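The following block contains the structure, expressed as structure tokens.
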Amino acid sequence: MSASRLFYRIGFYIAVVLIVVISVFPFYYAVLTSFKTGTAIFEVDYWPKSFDLANYDKVLTQATFPRNLLNSLFVATSTVGLSLLLAVTASYALARVRFRGRGLLLITILAVSMFPQIAVLAGLFELVRYLGLFNTPFALIFSYTIFTLPFTVWLLTTFMRDLPLEIEEAAIVDGATPWVIITQVFMPLLWPALVTTGLLAFIGAWNEYLFALTFTSSETTRTVPVAIALLTGASDKEIPWGPIMAASVIVTVPLVVLVLIFQRKIVAGLTAGGVKG
Amino acid sequence: MTFRIKSLIAGSALFAVLAATAVKAEEITYVSGAVGNDLEIFKQIVKPWEEKTGNKVTLVPMPASTTDQFGQYRLWLAAGNSDIDVYQTDVIWAPQLADQFVDLKDAAKDVIKDHFPSIIESQTVNGKLAALPYFTDAPALYYRKDLLEKYGKQPPKTWDEMAAIAKEIQDKEREGGNKDMWGFVFQGNAYEGLTCDALEWVKSHGGGQIVEPDGTVSINNEKAVKALETAKSWVGSISPDGSLAYQEEDTRGIWQKGNAVFMRNWPYAYALGNGEDSAVKGKFETVALPSGGEGGQSAATLGGWNVAVSKYSKHQEAAISLALYLSGPEAQKMNALLASHLPTLQALYDDPEIKEKQPIIPQWKEVFLNAVPRPSAPTKGKYNEVSSKFWSAVHDTLSGKGTAAENLEVLQADLEELKGSGW
Amino acid sequence: MTPSASLAPSDRASGRELSLQQQRVRSAFWFLAPMVIALIAAAAWPLLRTIYFSMTNTTLSSLYEGQWIGFDNYLSWRTLSSGKTIWRGTLVDPAWWNAVWNTVRFAFVSVALETVLGLLVALVLNAEFKGRGLVRAAILIPWAIPTIVSAKMWSWMLNDQFGIINDLMLRMGVIGQKIAWTASDATSMYAVLLVDIWKTTPFMALLCLAGLQMIPKDIYEAAKIDGVHPVRVFFRITLPLIRPALMVAVIFRTLDALRIFDLVYVLTPNSKATKTMSVISRENLIDFDKFAYGSAQSTLLFAIIAVFVAVYIWLGKVNLTGEGR
């Protein structure tokens, strides 16, 4: 191995370590804090000194927290499912079919994401109540499409546009309908893009707070971010850092697992397809 | 139009259901930012009422941040949300939300006189009693008894005394090795809490209360200027520079690690400071906040919570009965004994059982007698904007952007413009 | 190499192809319809409602009783008897322009840094090495933590007395004394930027990674055989190929950055140095009794973002329809 190669490799691994440390350190600190109680929370420590599961116990035994986790899971999964379903077909049309007004349509879709969330809150609240969705998970799924749909449509359109023309032509020659082209030909090629956009949309829905707080009014319909905001200390004004950190750890772990499961798909994507541009 | 019809149908359908079950239990939804133990205690407190009336109370908890609560309540009320019957409201909200609450004056006419008049006054808007008091809150000066004894000092009576003692003890303690020692911690972040802190400084120097009860803007005066200059002189000398970002919990953190001689805080810090793992356990006491020297008197900003009945509630009768119960002696006494919340009924301060089990409450009566309300009543719907302008001016002064005199002059002009022809 | 996006009709103008094109357009319509209906159902009413409110004197205590006042919330003037004209409205409100400036500054710096860092991280993660899966999961953690929690977490870490950042920097000798990062106007914007970049770089990295992985491997192999320098490969091959995905990622990041709310709201509440357009509209919409005024600010925010997007699409030559390639 030449000196420059060695130098390059060392630099590369330093970069990897740096990336991991910077990303994980605050989370590590949160885990550390989640094992502390009382005044110890105000102390700065770099290594675990105490290992007290009291905070986890407190969060998990809080009657509704497991239920809130399920709600979040349901809402986020449905939102992703719904947006991907709507977006895959729509972006096929936007990316592969020539028709008038495509650019305008894309811009209009984008415009939906240009309003601050807080500004649409009042109108959305009226709508949710009018449709009788208030205090149900469907209110959240419905309102989350506002921010997940434009994003997924745009990204999938971009990715789909880059797929080679020859594949589609071959399918058309074989007499495949557009639906077959999407599901049988494009979907397998789009895995990296689908998984990535799906994951980002999932996290977006999983973490949303303002809508979730406004459109629900009972403990059993609330989602995790609201539940975390509702974690409270023993008294007014006391911020329960320990339980908050414990809850954050509990909430983040499923997402990490999700990434670990799906990242194979992300990697598998094109290498398996053997596509040539 | 269709919206109206639909809600009308929904409403009448609900009404039919209600009529059928009127004799049976009603379910009252109570929304509150109450936290932790208070949630459990609340359930205990409403139990006797539930048993007596056969109704049931469902509690909707909210995040502890009062700004978040206020935003939600305002939105829900604006859209005529009938899912919530009773709201637990901050002392400053009544004038801003009064339009959407039921007038409780008639329902409570026999018991109004038992409460502290200042609190009832703060909840009365244009002759309408928008909410009934549930418990009250007022801050005090926490001091380290052990340190004051060590250096032979008495608890301070004026801010200047406080600053002098704080400086001396802080310097000597630092020489003695405790590098992180500070003299005084307070809440200096630009938020509602700073309005509370600064109102105390101004009022205790005899500088009025920003906007007087008759609606006059009074903030630009020499005494107020002096008050803010005094506070400015603390930052960086006896109080950390970070004070400008502190809220209650930050100050309690420093205090509870044993790193402050004095702290301005609410009663909640008392029990926590005496917790098992607290570095200051048993080493501190509280005293009324200092006064501004000659012509000044101690002042503590009035806090506390009230209960209001929504105009859109479909169970108003039961909801009013619940509000009356919660502000009554039975509930308030339980609240005092179980949660050490300060009652708003004057008689309870002499209650022997409370005296015995919660000795801190009678102690707090003196603090409470000097309580000063924030100008939410005269400024009505514009209170939040007034408060925001005030805390910004104070925060600017503390962080050295303009002198106290300059900032207060601008503030006076701004507030007068906001007031226009009347609040 | 770049495929043209739709079937070019010029070279196959037979009747069968034309009817195929018609058939495709028809199915495209049915493919688009559900998405468009969903968006209209969820977004049209609230958006139009906000624009309508901005031209009334609605308050939150009387949502249905507002009266039409035209553009007075944006700009109005009256001439006093002395002949002096006074101007009112958002467009002459210094607090609003301060917020605009804060937001634009924030959006520019954060998106620029996030794009560069995200690309770097993606390049590193695109290489083959042991434990790559774990590292990928690790970099997603910042993005996965709910904003309200991570904002609180950071305000804890940045605290001047018991924050670990100050402790760390003191130990390393970077700073001489503890700094109140979120308190002073001089540093609060850096604090917000730091947290935002930490939090959203993974988003960029992941999108860049997806773009990188859609590039066929044989292109690199061909370049390797030809002995092209890696840096050259990056600028000549990689960057042009992931550019479309990168452009879209940048658009959405910019939209989010221009609308940034919760991070600022939790980390540095009420600080003039960091108050953004969304924060100031919330203040007027909810906290102050100025619902219509806040709606006007939201509508202006919408307009400003629209202008930004238009300029970006124009300057960046973003290919909206994929035609002509």
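Each chain gets a letter, A, B and C, in the order it is written, and its residues are counted from 1.
The rule is short, and it goes like this: contacts are C-beta pairs under 8 Å (C-beta built on N, C-alpha and C of every residue); 3 or more make two chains touch, one makes a residue touch a chain.
If you're wondering where the values come from, they're calculated on a predicted model, not measured in any experiment.
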| task | Taking CA centroids for every chain, report which one is farthest away from chain A. | result | B
| query | Looking at A-C and A-B, which one has the bigger number of contacting C-beta pairs? | reply | A-C
| request: Report, in whole Å, the distance between the mean C-alpha point of chain B and the mean C-alpha point of chain C. | output: 38
| said: So the centre of each chain is just the mean of its C-alpha atoms; given that, what is the distance between chain A and chain C in Å? | reply: 16
| remark: Expressed in whole Å, how far the mean CA point of chain A lies from that of chain B is 38
| task | Would you give the residues of chain B that are in contact with at least 2 other chains, written as numbers and ranges? | result | 75, 78-79, 253-254, 257
| Multi-chain contacts in chain C: which residues touch at least two other chains? | 60, 63, 162, 282, 286
| task | List, in ascending order, every residue of chain A touching at least 2 other chains. | result | 42-43, 121-122, 126, 229, 239
| message | Considering only the defined contacts, which chain A positions touch chain B in the complex? | response | 37-40, 42-43, 121-122, 125-126, 129-130, 134-135, 213-214, 217-219, 226, 229-230, 232-240
| Residues of chain C that touch chain B when the two form their complex | 59-63, 159-162, 178, 180, 182-185, 268-272, 282-283, 286-290
| request: Spell out the residues on chain B that touch chain A in their complex, using ranges where they run on. | output: 3, 6, 29, 31, 34-39, 58, 60-65, 68, 72, 75-76, 78-79, 81, 83-84, 137, 247-249, 252-254, 256-257, 266, 268, 271-272, 275-279, 339
| Which bits of chain B are touching chain C when the two form their complex? | 67, 70-71, 74-75, 77-79, 96-97, 99-100, 180, 188-191, 240-246, 250, 253-254, 257, 259, 381-382, 384-385, 388, 391-392, 395, 399, 401
| query | What residues on chain C touch chain A, complex-wise? | reply | 1-7, 20-21, 24-25, 27-29, 31-32, 34-36, 38-39, 41-43, 45-50, 53, 60, 63, 120-121, 124, 127, 129, 133-150, 152-154, 156-157, 162-164, 167, 198, 202-203, 206-207, 209-210, 213-219, 244-245, 247-249, 251-252, 255, 259, 261-262, 277-278, 281-282, 285-286, 291, 294-295, 298-299, 301-302, 305-306, 309, 313, 320-323
